[in-house]
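One chain, chain A, links the two complexes that follow: it is found with chain B in the first and with chain C in the second.
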Partner chain A sequence: MTPTTRYLIFALWVIVLASTPLWAGNYFVRMAITIAMFSALTLSWNLIGGFTGYPSLSTAAFFGLGCYVGALSQRAGVPMILAWVAATVFVAVLAAVFGAIILRLRGHYFAIGSIGLVEVLRLVTSSWGSLTGGGDGLNVPLVQGGPNVVAQTFLAAMVTIMVIVFVVTVLVDRGRLGFGLRCIQQNEDAADMVGVDTTRYKVIAYTLSAMFCGTVGAAYASWTGYIDPTDTFSILMTIKVPVMCLLGGAGTVLGPVVGTGVYMILEEILWANFLDYNRAILGAVTVLLILFLPGGLLRISYKTVLAQLAARFNRLGAAA
Partner chain B sequence: MQYLQVLANGIVLGALYACLAVGFSLVWGVLNVINMLHGSFIILGGYLTFFAWQNFGIHPLLALPFVAAILYGIGYVTQLLVINRVVSQPVLTTLTLTFGLDLILYNYMTVFYTATPRRVTLDLGHVELGGIFMPVDRLFGMVLALALTGMLYVLLRGSRIGRAIVAVRMDGAAAALMGIRINRIYAITFGIGALMAGAAGAIFSMVFPITSNLTGDFLGKAFVVCVIGGLGSVPGALVGGLALGIIESFAGQFFGPQHALTVGFLLMLVLLVVKPTGLTGIKGYE
Partner chain C sequence: MSDKILELDQVSKNFGGNHAVSAVSFALKEGEIVGLIGPNGAGKTTLVNVITGVQRASAGRIHFDGLDVTDQRPFQAARRGLARTFQIVQPFPAMTVLENVAAGALFGGAQASRAEATAAARTHLEFVGLAAFADRPASALTLSGRKRLELAKSLAMKPKLLMLDEVNAGLNTSEIDGALTLIRKIADRGVTILVIEHLMKVVMSLAQRLLVLHHGQLIADGVPREIVDDPRVIEAYLGGKFAKRVKEMQHG
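Moving on, here comes the complex of A and B:
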């Protein structure tokens, strides 16, 4: 697939998502918002998890932090968009500091440390009642206008964030930074030896991957109008995002978008039809994905699959 | 006097934490897999014990070996058939895989057993010693937890299988060259991890009400204990467990119970950065 084809596919997908209000009801608009939101998170995770190969599980930490910074700013009277910017900046600074500390760890220790951040932030927000409202959660000022206006506003917002993260991904992918990150992914010591400033590269990648989670979080808080600690700092989300990315193909530009789309649509169908068992089925999908599709959907070579099918068919024919 | 009581509570809690985390630590150390199923294994063990007690009137102590055997079987088969296929891949792959398996097990438990908190009530009364008040069932749980952890230590040090597990932990490739069947040892180790989780769950069900909503909390405890104590060794888990129990107990006393968990996790983050080998600093296994 040439880069141009990839960008065309992405552009088409953006048009499909952004145009939902024109051809579908509010149910589909809502789904388009969720898909755009998770695509932005998955694309963000891809920068550290895919390109750099660090198993970061801190997506929910930065998402939740963004939710709370955005919500608190809005409650203090800051206009919505400015509150989102504030959340982005705050999360970026915190991620840079935290990244500089934790990125010295590798492999399992890094994974545990990054998931520990989610837990610590969740516990702090639930117990710091005077600021965050604790377990009662926080109400966020609602956007004025009917449900249609609200849906269209947030669809536009989430799609814009998704496009921004995609552009950042493309720039990283084609630039010096992406090259350095791929070197780190393949062999960090060797990359260090040949002159890649590994610490700086890793911190930049980690910060980039965190800051847009903050934006998405703040936008999510304005959208739903209510946030609480368990919902925003959720372990399920922090693992779901990498799974979506792996489903599409980690370390590729289009993979996260494809993975998120397929996963969210699948999840929606499962929720609608198997309410009691949706978690189990998601688990089964995850297991099958890891066992049988390790490179993600984009790594499947359709020619090989067709050739295999043809061979099997021929064998069946011969046996008969 | 009050502090002695807090310390005693902490030690009892710590012994349970050690038992809860030692299986997780073993699997992490030997297989290099972060087993996200561990929390659900604990709850499954607790539920099996509870239902044996409620439906058939089987005493938890009598049920414990059977629960442990069932969990061992589940762990062994899971590892042999599923996880072994990707066991040497990067951490994210195995972590995601066990998380997927955990979703299945968790879903099964919430649908068939529901998430109502349940507890085996033994009504053993309490003892008072020098002003320290302690329910007997907790004391009983502590002794049981320490005994099980000790048995694992003896097994790893003394038995043929145990030495093979330690050998694989130290150097898998060399162990394979010495004729150890790695995949079988992996399956046995994972089985033992599940067994210890199940046994810990059985003990927990006698001491605290358990519900499937606690799986994440137990898993988090296992993380923290492993990092505090040092990975993949029984003494490490014991030190980590006791340290966490005592710290949580005192943190609850001084800052209020809602902050006890936070202090544990913060300690974990600090230790991760400062001393990733943990307090015991043991590199090899025993």
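Moving on, here comes the complex of A and C:
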């Protein structure tokens, strides 16, 4: 796939998502908002988990933190968009500091360290009742207007964030930073030896992968109007995001978007048809896909698959 | 400092109670080819690791090009012109051969852009004879190909000092001859070279000076002919039988 094809596919997908209010009902608009939101998270994760090869499980930590910073700023009277910017900056700073500490760990140790941040922040948020409302959660000032206006506002917001993270991904991919990150992913010691400042590059990747989760979190808080610690610092989210990215193809530009789309549409179909077992089926499907497509959906060589199928048919034909 | 490119002053490296390198001092002059020899486990690779910042010296100081580099990190060594090849080759396996070399050019060789780095990488691949493999993944290369790739990658970093850690190990005779020709050509460009070798034939034909390491200590530093006659070296490293053979080679 050439870069141009990739960008065209992405542009089409953006148009499909953004135009849902024109051709579909509330249910689909809501789904488009969720897909755009998760795509932004998956694209973000891809920067550290895909490009750099560091299996971060801290997505929900940065998302949750973004929720609270955004919500608290809005409650203090900061205009909504500025509150989102504040959340982004706050999360970026925290991620840079935390990253400088835990990026010394590699592999499983890093994964465990990074998921620890989700738990710590959830506990702090639950316990610090005077600031965060504790387990009772927080109300966030609602956007004025009817339900359609609100839905369209947040659709526009989430799609915009998704596009921003995509553009960041493309810039990283094509530049010096992305090349260095790929070297680290391939062989960190060798990267160091050819002159890549590995610590700095990893911290930059981790920070970039965190900050937009903060933006998404703040926008989510404004959208739902209410947040609580369990909903925002969710272990399920922290696992789901890498799974979606792996499904589409970690380390590719389009993979996270494809993976998120496929996963969420599958999830919706299963919800609708298998009310009891949907989680189990989704889990099984995910495991199978990742086992059999270790490079993700985008890494399949469809030409090879077709050639193999054709060969098999020919053999069957010859045998008959 | 003048013409000394690298200077070690009482450098030691301990792993727990194991003195892998003990109080080693020597200097390399600009443009020299020096051989570093010693039996297995003598501390040769550890010494290179300490010089390039992969491992931190337990004691002593290291100066490179007039700068105290004792506490440098590997990426800084690379940018300062201190390149090395790994005894166990370390490619970026899923990248193409060209990308591997371009990485060296971009990050270590301070090329301004990826396009320039790629262009520089092509000339280095040409130089080591891998141009035909430019677009293959590095993992597809044979051992001798990977060693050449390591060389090209190091050259792309525009080194002032190149340390070759057993670049010839595992190669056949004709491959070794090819590698020797390459190393001489690199030296002709004015790069100082430290060759770590087990194969005496190789060091004797390349090096103007030999350093001998044994149990982490530098037991000899001199011209190759004198080194092979040094009784300590014969005893520690070469073994009587081998020394005799070398003598026969010289006289015959």
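Assume the second predicted complex is superposed on the first by the 316 of 320 C-alpha atoms of A that agree within 3 Å, B and C clash if a C-alpha of one lies under 4 Å from a C-alpha of the other, contacts with A are read in each partner's own complex, and residues count from 1 in each chain.
Criterion: contacts are C-beta pairs under 8 Å (C-beta built on N, C-alpha and C of every residue); 3 or more make two chains touch, one makes a residue touch a chain.
Here the structure is a predicted model, which means the values were calculated and not measured.
> Could you tell me whether chain B and chain C fit or clash when both sit on chain A in the superposition?
After superposition on chain A, which the two structures share, chain B sits beside chain C with no clash.
> Would you please give the vertex angle at the Cα centre of chain A, with arms pointing to the Cα centres of chain B and chain C, as a multiple of 10°?
The C-alpha centres give an angle of about 80 degrees at chain A.
> After superposition on the shared chain, which partner residues are touched by A:R182: those of chain B (first), chain C (second), both, or neither?
second
> First (chain B), second (chain C), both or neither: which does A:R104 touch?
After superposing on A, A:R104 lies in contact with chain B but is clear of chain C.
> In the overlay, work out which of chain B or chain C sits against more residues of chain A.
Looking at chain A, the partner in contact with more of its residues is B.
> In the overlay, answer first, second, both or neither for which of chain B and chain C A:D192 touches.
Second partner only, chain C.
> Does chain B (first) or chain C (second) touch A:E268, or do both, or does neither?
After superposition on chain A, A:E268 lies in contact with neither partner.
> Classify the contacts of A:D231 with the two partner chains as first (chain B alone), second (chain C alone), both, or neither.
neither
> Can you give the closest approach of chain B to chain C, taken over C-alpha atoms and in whole Å, for the superposition?
Least C-alpha distance after superposition: 14 Å.
> Considering the complex alone, what residue numbers of chain B touch chain A?
The contact residues of chain B facing chain A are 28, 32, 34, 82, 85-86, 89-93, 95-97, 99-104, 106-108, 111, 216, 220, 223-224, 226-227, 258-259, 261-262, 265-266, 268-269, 272-273, 276.
> Which residues of chain A touch chain B once you look at their complex with the stated criterion?
Going by the criterion above, the answer is residues 49, 53, 55, 101-102, 104-105, 107-109, 111-113, 115-117, 119-120, 123-124, 126-127, 235, 239, 242-243, 246, 276-280, 282-287, 289-291, 294.
> Taking the touch rule as given, give the residues of chain A at its contact with chain C in the complex, in rising order.
174-176, 179-180, 182-183, 186-187, 189-198
> Spell out the part of chain C that touches chain A in their complex, as residue ranges.
52, 54, 73-75, 78-79, 84, 86, 90-95, 99, 102-104, 106-109, 113-114, 153, 157
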